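Two complexes, one shared chain (chain A), two partners (chain B, chain C).
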Partner chain A sequence: MFRAVLYTQWKWTRPAIMLAVLVAGYIPVAALRAMPYKTESTYYIPSLYRGMAAASTYYQWLALFVAVVVAISAWQADGHRQHVYALSLPVPRWRFVLLRFGAGAALLGVVAAAVGLFGGVAAAIAPLPPILHAYPVGLAVRFWLGSLIPFGLIFALLVSSPKRVRLVVAGVATIVVVDMALAAMGVIDKPVVIGTIFDAIYSGRGPLAAFLSKWMLVDV
Partner chain B sequence: MSELRLLAAACLALACAGALPAQQDAALLTRRDALRARADSLQKVFGALDASARDAGLTSEVQAGTLRIRTTTALQPVAIAAFTRAVTEARRVLGADADSMAGHLQLTLREHRGTYRYKWFPIVGSVLVDTTEHIVGASLEGRLDGREVPGVRLDYPVDRDELAASALSIFERAIASRVPTPMEPWLDHRVPLHAAQAELGPDMFRTLATSEAAIVRRCAAGDRSACRLGFALDSVPSNPVLAWYDASDLPALARSAGDHIQRVGMTSALSRDEQDACTVQQQMEICRRMVALLPAGAFRIPMPGAARASLTRLAFEMGGARGIERLRASADTTIGGQLAAVAGVPADALLGRWMEKLIAARPSSPLPSATFVLASLACIMVCLGWAMRGRPWN
Partner chain C sequence: MSDAIALKHVAYRPAKEFAIRDLTMTVQSGAIYGFLGPNGSGKTTTIKLILGMQDADDGLIEVLGHQIPQGAPQALARIGYVPEKVHLYASLTVGEMMDHHRAFYGTWDAARADELRRQFSLRSEQKIERLSKGEAGKLMMLLALATQPELLVLDEPTDGLDPVVRRDVLGALVEYVSTRNATVLVSSHLVHEQERVCDWVGVMDGGSLIAEMPMNTFRSGIKRLRVSGAPPVLPAAPFTLLGRTTTAGTEEEWGVRGWQPDMGAWLTAQGATLREVIDLDLEESFVELLSSARTGGAS
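On to the complex of A and B.
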């Protein structure tokens, strides 16, 4: 059953996955080629490190892009057909959702593996200075975990009951509007809810903590 | 005779006519001086009244350990708690010296009043509007044996942690003013009491290993003599460029060394194209010419301030009590000599211990940290649980 689900999702997301794999191969090559002050034998360490920090942002954007595409693709066809196919299958609903999630995670794993592989090959060819090392496996794990977070969030949103989603959105919107009204009336100095939500999401232990650290292919 | 009288009268009239403006000038000057004297006296009175007004509401001196504090009744509890914490933090580095130094320091925590406040408007954001008088902020001022130490402005209501950190900053500068040269400027005019600012952690190793000075990178790689040179423990080298930098560092050095005034000579001597030939095309000959045009003062000690702070903290930790006394007694020696006096061991031994700690701080595992993995997995599990309960057809 898992193979069938995986194959279907692969067919739906193939162009995006292939593009992501190509970009995963291009990022380390571009980062390692474009170093200013590179000599034939080695790199200038500060420039190389800055370049790798910039490449870290590209990896994060790639993870976000591929996660969004895979999550939307997982439920797009079902959504068009009112979930009739999924409901007609002889498996419990929770198991079907789990299979879809697993297939999406596996597809993200393919891109993460490409990130690790291409990063490893590029770093092996490049004449890195002795104090710097390539960490393709660590990068691939970060990429996979990092991409699973936005994937999980969008996946859960798409598969939720529309009523529940509407309820949550309406609840959050009400709180934000009340907060802004209180600030405009001078009861509080400035709106606190948006800032608090933002802080909670982006704090060190928040759900997007993965995107706060650098995803370095080459580090000390 | 009458003609003679007429002539004399005319001469007198002319003389008076010349003297009149002079008399007017003298009167103006006298009036100006009188006004100046009055303005000066008013200035003095204003200063005294202003000081009294600023001190209005302050309680008499209270003690937090050996530290003397003046503040308002409302701020007194938070001030005592924060300052006691600051002295405890200082004691971790200086031992009992912290208490004796605190005895010379007087801190004043004031409330500031104003007739404005920020009001938030949708789309526009926060705007300053007039309102009734209320407390708009606070400030912490310090005096060491009667001499002013630069103060800190604080938000109101005053946060205890922020106040403790501010008190510690004033304490750092106050103690540094007692530290002899060459150590005082080497420490950037503050004795490192904040633990977080001198932490020998992975970030410090990363900063040193990717520094724009070759000598610092070699230090991070484990070269002790490079560390000694990078910290300028013996003296600042006569040719800092040769001692501290590699040829590969020159383009970055030519681009960023020195302040605007120090770079004037270089920018006026070389055209934009010539400068680009160094900074963009990396022509080393041009880079050498550019760097040679910079004055010696443009090349600061390449070891970052946090690294110097961490070495100093380590020296105080190793040396134990009376470190400040030993430091003051070791004036007129090198930085290495002063640090050795504080640590109670030779400078090389101190540097060796610091390097051990630095190498131990090197990020060991390339894999994501446990926090990263746990936060990610927790988020994924919550999403999955939510998704499994979903009924999208409803």
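On to the complex of A and C.
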């Protein structure tokens, strides 16, 4: 059953996954090729570190891209037909949702594996000074977990009924408007809701906090 | 005989302007039940309630011994469903769709599926998005039959298909039912098609089941009478008067249900003269029944 669901999702996301694998291979190569200094140079280590820090952003964008595509594709075909086929299958709804989620997570794992594999190859080829170490497996795990978070959020939104989504969006919009109105009327100093939401999502233990830290292939 | 499908006092309001009201309906095991009704009468909604795709607001639904929606997955494992519109994954090929479907049904008969694929002239590598309406209809019927279901639920399965494809689809259905003694619920607004294959009939209109009876009773029980000299107000009749319209002078046409030849004496007792009893075909009976339901009947 899982294989059948995985196959459909692979078929729907194949171009995006293959593109992501290619990009995953290109990022470390591009980062290392962009080194302006030779290994003997005193600037080599800081330059390599900066290069890897820049590559971190590309990994994050890649994770976000692939997560969005895989999440949307998971339900697009069912959504087009009002989920009639899925609902007519002899499995409980929660199980079908889990099958779709699992298949999406597995496909993200393919890109994460490519990140780890190509990162490992690139790090093996590049001369690393003793102070720096390559973490291809750690990067791959981080990439996978990082991509699972936006995937899970979008997936959950798409699984919800349109009515529930409209309710949530309307609720948040109302709170934001009231917050801004209160600030405009001088009841509060400045709008606090948007900043609080942003902090809740990105900082500390927020679901997208991982995207603010560095995803380093090479680190101390 | 046990019931394959039983609905008791089911109510469901999917939209402000439409509701299923107090729907009680029974499909006996082994029956081929024709589910008739004009477009928008609630046939598809009722089918979705039966399959657990939508949850009723009130009432009881039991399918193959399973309460719906709680037991829907168990019931669906024994049901072959062909929906009104193509519901398959467009980007898959015929072969991939068959493989996908097989993964969910332990009862999948691979040999029969291949046989049907050849019989329906479908190629494994054909993409579903490029299939004609007829080919897609045949593929949906293939998927339903290859799971060897005890109950087939077909929602307008031949709507929009050309006569050749319709013959192929109905042929495969009749062959399956005759060998397996399966129960069939087939909805359609094509009355004549139902007449050929069904042994029970239920008629939906405006979200209510307005009639449910054996096909023979439906076919022979509704007549049009030409009557003259009938009083405007009638006492309780031994038949159901569906409607009466004045045609000329004191002459009227009556639509009646449950007519028997010896009931002419009752008319004579009312001072009326029975001029003619006109047999109606199924489509005329269906129209008579619908117009009676919409006007509230004449008695």
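Quick note on the criterion: the second predicted complex is superposed on the first by the 215 of 220 C-alpha atoms of A that agree within 3 Å, B and C clash if a C-alpha of one lies under 4 Å from a C-alpha of the other, contacts with A are read in each partner's own complex, and residues count from 1 in each chain.
Here is the rule we use: a contact is a pair of C-beta atoms (placed from the backbone, for glycine too) under 8 Å apart; a residue touches a chain by one contact, two chains touch by 3 or more.
Everything quoted here is computed from the prediction, not taken from an experiment.
Trainee: Have a look at chain B and chain C on chain A after the superposition and call it: clash or fit.
Mentor: On the superposed model, which is not a single observed complex, chain B and chain C fit side by side.
Trainee: Scan A:Ala156 for contacts with chain B and chain C and give back first, second, both or neither.
Mentor: first
Trainee: Using the superposed model, determine the angle chain B, chain A, chain C defined by their C-alpha centres, to the nearest 10 degrees.
Mentor: So the angle at the centre of chain A is 150 degrees.
Trainee: Please indicate which partner A:Leu89 is in contact with in the superposed arrangement: first for chain B, second for chain C, both, or neither.
Mentor: In the superposition, A:Leu89 touches chain C alone.
Trainee: Given the touch rule stated above, what does A:Tyr7 touch, chain B (first), chain C (second), both, or neither?
Mentor: second
Trainee: Is A:Ala77 in contact with chain B, with chain C, with both, or with neither (first, second, both, neither)?
Mentor: After superposition on chain A, A:Ala77 lies in contact with chain C alone.
Trainee: Chain A residues in contact: does chain B have more, or chain C?
Mentor: B
Trainee: Quick check: superposed on A, how many Å separate the nearest Cα atoms of chain B and chain C?
Mentor: Nearest C-alpha atoms of the two chains are 8 Å apart.
Trainee: State which residues of chain A lie in both footprints, the one left by chain B and the one left by chain C.
Mentor: Correct list for chain A: 87.
Trainee: Touching chain B in the complex: which residues of chain A?
Mentor: Within the complex, chain A touches chain B at residues 36-37, 39, 44-47, 49, 75, 78-79, 82-83, 87, 93-94, 97-98, 101, 130-133, 135, 137-139, 141-142, 145-146, 148-149, 152-153, 155-156, 158-164, 180, 183-184, 186, 189-191, 204-207, 209-210, 213, 219-220.
Trainee: Once bound in the complex, which stretches of chain A touch chain C?
Mentor: 1, 3-4, 7-8, 11-12, 77, 80-81, 84-85, 87-92
Trainee: Which positions of chain B touch chain A when the two form their complex?
Mentor: Residue list for chain B touching chain A: 117-122, 126, 205-206, 209-212, 217, 220-221, 248-249, 251-252, 280, 282, 362-363, 365-369, 371-373, 375-380, 382-384, 386-394.
Trainee: Contact residues on chain C for chain A in the complex?
Mentor: For chain C paired with chain A, touching residues are 51-53, 73-77, 81, 83, 85-92, 96, 99-100, 102-105.
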